[in-house]
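Below are two complexes that have chain A in common, paired first with chain B and then with chain C.
Take a look at the complex of A and B:
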């Protein structure tokens, strides 16, 4: 890029420069074209759409900020946001705690066979589609057909009908999500643990530190970049939770499991209020962008960089 | 789409190898050690797998005896009839084929375009490259549900709704892949390019004969995760596909137990088993590669 002046003196260099430019654009052009058509274009279109009223059948109509006004005055919105944030927060806490504990356990398991078995058992559910997982768990937690309620009844416990009970539906979805995606957090934690030098732990042990002290003062600080990464990625994934809710509860009972993407789906793809759905999607975008910015700011503050 | 910090690892040892060597080292030092951890892990593992075992057992049981209380963990009386019936309720093979076509085209297509773009970003100093990369990267923050609304409208105009093309066309661009491969290519010394160039090699030779073979682990990881994401995808198929013969397997499974003519529970279970068991076989065969691809990219399906 700095060879402009040189190029004037040497015509061969100028030619080479031009050829490099052409090669660069040639290599990126398919990706750029697809990017414009399927990412950048739709992004701009979605922003414009948020100012329209359009059901795809009658002509679109410009309505200014009406969609946003309607969105923020919808009495359901606080409920939807609370559901979504409760789910995301619960998801972060459960995934990080269980993921870390299991990774620590697998990291010091004695029998190699048990280590293999535990890794497979914890990770495999993550690979199954949400569709299969949600259908399966609908039956597992069923009050008559499911084995959970059947065993509970045998020891005299009467479990609630989880998905029909407004107090229990969201916790049940949180639980299923933990079963399904714990494997991901677990593998990330396991990989993070491998970056903690065993020499440091041995040194601390020789100095007489207890296992608990080693965990708090050596392992955990060195794991903080991994923990931070896991927190962000779990949040972003959990904030967009949709599949199990659409499949099992459809947002019910009494909107107790309507999360923001479920709300978006209902407005956009069931009621075909495209402009309104775009406004909801923009709200999701702003929240996710906010968290991403927070990630860059917070990283410096909370993460121990060696 | 999600935001992911660079985690391109080019370590010579993969995660599982490291785990095994470290546990061997510990065994030598501490001998027996606390057995309690092993016991807890066995119990936890059994609990994790119990829904899957229960699933398979019910699908192999004669309908009148399935879902019995107390729960049975053996398929008695045994039958394969439920699996035969799956084909009466859903075009399983057709949907399996749809899922396969979609996953292969999406994965291979996006990787091809990503490799070319990443080469330009990592190796060619063309004007505007940095700005272009930043523009593409910022798209990682845009939730998929935002762009899918205009894409849905676009596909409707093009008459592509209810076809697989409505799903694989937008999947051909994958910004994360471009970013990840750009980072990975940059870890390969540029001196290698210059040496090849002196020997008369051009861009395509350098990319296809040198960078791609040297990046095989990264490309394999992206391919595995791309395939998995497409194979398991639900939101896109739900919005775009409506006729059973065009559906992918996840949507087909959910449709199986919906509305009029819904299949009995044992048949739904048989269909889920037909999805889960082959997956388990693939996982056990390629466990190392699959686990490693998740650990190295930090990509959540």
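Take a look at the complex of A and C:
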């Protein structure tokens, strides 16, 4: 029996199916349109741009794979990638550890009012724009007039010049990023913590498990999917860090805080080398995709799937 | 298998299409196809650099223009980019995005870049058309300003593509209360040497605890003043070779570092409110061109402030950067754009802009020496325009933003005590050499 025969026998069904399909497409069309305009379109544009030499002001010139070859001979790129990976790894570790500890602490708070206050207080910095946060810390850590330096001097501590010393600039940015975005990881962790069934905790306690044993053998395994999600989100965000560095150190001192997105911006919008900037952007895409795939592969070893 | 191949072919076709589309990227600011239009009507798009305060002054000036030419619809867009290198980048991006711009206010840092790309109209026919107006302007501005415009901002074939406007040099605004309290005399005739500056700084520190100056890595505001007052610069006279590691430049950098080491300038590396520190007597000077005058007025310190020249090692020195106006080749209303430029060149516009709080030194000497510019401003304000006689145009190669980063990075490293001057400037020199060679 052919489909045409069915269509002839049941014309209403086909019409209904087409209407349902059309309605479906109509519902997803805004999202599809936004995806095409702001994600797929620019992505294809970036791929094409990577084959060109273009300074924005004069006609573009096709250069084949030259921009990709340049990636392997660029003397600054390895340093930039190391900075970025150091920042991303430090960001993951600090966010996960402090986010989890804070979530555990707030989850233990008996007073509901204090619990709500703690949640708002911890999450609040995340609501402030990066520009304001960066300027705020630039003032706070000013080596002469900043509060931190002045209070430290009062108790006889001579602090390093955080943003001018190549050894301290990246750690300072890592700390500022932690202060600003920890609230987001904290909320994710807290939400994850509240999904851990209380009967399992109670059962473990009844069996005589200590608090540490309960945390290590019950809470943590059940929190692992949340931690996995937080790891991926933090890595992707950290790998794209730009705003505080642009405002506070502009990549210095001595390139110690130049990260890959900062470098991409410099190549595209300061050196007017849009083709090479696009090649760097594609490198970022490949790295983020590669690391995310590795994380998904590795999840089998540590993420508890119930 | 077929499906997979079809997908690969489709993806390749998409990319190829995009390449073809992009290959047509022509840098929309350039090209031809512009139109002359009418001198008294039409739409004009003008972009300039200005923060919220500066935009207020500019908007008042534009309102004056529209009173005179009501049929020219001027759409002025102020870009608060903070520095001229970023401004140039922003404008280039807008042009690439297809935005129609008739006139771009470009400062020295971006003039060579825009002039070299062939996107600006040759202004000679317009100059010939209004010879009397232009001659009156040339005769009233510093000969150096006209000369610099010809030497550093000509088009690819030497044509005139810019009309220079106001400028800024670097001077020091001294807090006379701090100097009086420390018993340090204000430099006579506005001139003092590096040694006198150090001596004054030590005495001020000892008697009042104030810092004599700020220390930063700003190319225009810090690096060039210390270099030019020692006969040095970042590049040679025609900007073809960097000279950032010359013995004089090294000496200047070491001197700037010594100010921090001696505790005469606050440590660099953070941010503080210079105006507040100046007002509170914690900072004895503000460094800048015309722009600090707005803060001095706001703090009601005009009578407690004196402007003096930058301290010298070998000779008076200052960088100079100037605004300039042009007409883009793809402007649809070139005659109306020229009308607007003529308005900006007029004495009336210069005086009006100076009065309402413009942050540049007027190009016309007659305006710079008039009460419109010197009233409600610190004593010694004329030194800003007098500095044009000995000033050095701020070297600005095509790769200006990159060069500026290298220069500021090296200077910042030295004054923060993170690198030895000679070694750091040698490294910066080789980076600048590679940029010039690109």
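Convention: the second predicted complex is superposed on the first by the 267 of 306 C-alpha atoms of A that agree within 3 Å, B and C clash if a C-alpha of one lies under 4 Å from a C-alpha of the other, contacts with A are read in each partner's own complex, and residues count from 1 in each chain.
In this text, contacts are C-beta pairs under 8 Å (C-beta built on N, C-alpha and C of every residue); 3 or more make two chains touch, one makes a residue touch a chain.
Bear in mind that the values here come from a model prediction, so they are computed numbers and not experimental data.
Chemist: Quick check on the superposition: with chain A as the shared anchor, is it clash or fit for chain B versus chain C?
Modeler: On the superposed model, which is not a single observed complex, chain B and chain C clash.
Chemist: Looking only at chain A, is it chain B or chain C that touches more of its residues?
Modeler: B
Chemist: Once the structures are superposed on A, label A:214 by its partner contacts, choosing first (chain B), second (chain C), both or neither.
Modeler: Neither partner.
Chemist: So in the superposed three-chain picture, is A:120 touching just chain B, just chain C, both, or none of them (first/second/both/neither)?
Modeler: After superposition on chain A, A:120 lies in contact with chain B alone.
Chemist: By the touch definition at the top of the document, which applies to A:222: first (chain B), second (chain C), both, or neither?
Modeler: In the superposed model, A:222 contacts neither chain B nor chain C.
Chemist: Between chain B (first) and chain C (second), which does A:49 come into contact with in this model arrangement: first, second, both, or neither?
Modeler: In the superposition, A:49 touches chain B and chain C alike.
Chemist: Output check: A:109 vs chain B and chain C. Expected answer is one of first, second, both, neither. What do you get?
Modeler: So A:109 only meets chain B here.
Chemist: A:173 in the overlay: touching chain B, chain C, both, or neither? Say first, second, both or neither.
Modeler: A:173 contacts neither chain B nor chain C.
Chemist: Just checking: does A:270 make contact with chain B only, chain C only, both, or neither of them? Give me first, second, both or neither.
Modeler: A:270: touches chain C, not chain B.
Chemist: Look at A:139 in the shared chain and tell me whether it touches chain B only, chain C only, both, or neither; answer first, second, both or neither.
Modeler: both
Chemist: Which one of 59-67, 95-103 or 383-391 is the stretch of chain C that crashes into chain B?
Modeler: 95-103
Chemist: Quick check on the output: what are the common chain A residues between the chain B footprint and the chain C footprint?
Modeler: 45, 49, 56, 135, 139, 144-145, 269
Chemist: Write out the stretch or stretches of chain A touching chain C in their complex.
Modeler: Going through chain A, the ones touching chain C are 44-45, 47-49, 51-52, 54-60, 62, 135, 138-139, 141-146, 161-166, 250-255, 266, 269-272.
Chemist: Across the complex, what residues on chain A touch chain B?
Modeler: 1, 20-21, 23-28, 30-32, 34-35, 38-43, 45-46, 49, 56, 102, 105-112, 114-115, 117-132, 134-137, 139-140, 144-145, 147, 150-151, 153-154, 179, 181, 184, 187-188, 190-191, 194, 198, 229, 232-233, 236-237, 240, 242-243, 246-247, 261, 264, 268-269, 274, 277-278, 281-282, 284-285, 288-289, 292, 295
Chemist: Please name which positions on chain C make contact with chain A in the complex.
Modeler: Those residues of chain C that touch chain A are 14-15, 18-19, 21-27, 29-30, 85, 89, 92-93, 95-96, 114, 117-119, 266-272, 277, 399, 401-402, 405, 409, 412-413, 416, 418-419.
Chemist: Given the complex with chain A, which residues does chain B contribute to the contact?
Modeler: These residues of chain B touch chain A: 2-5, 7, 15, 18-20, 22-23, 25-27, 32-35, 37-38, 40-42, 44-46, 48-52, 54-55, 67, 69-71, 113-114, 116-117, 119-121, 124-127, 129, 132, 135-136, 139, 141-154, 156, 169-170, 172-173, 175, 178, 203, 228, 231-235, 238-239, 249-251, 253-254, 257, 265, 268-269, 272, 275-276, 279-280, 283-284, 287, 290-291, 294-296, 298, 300-301.
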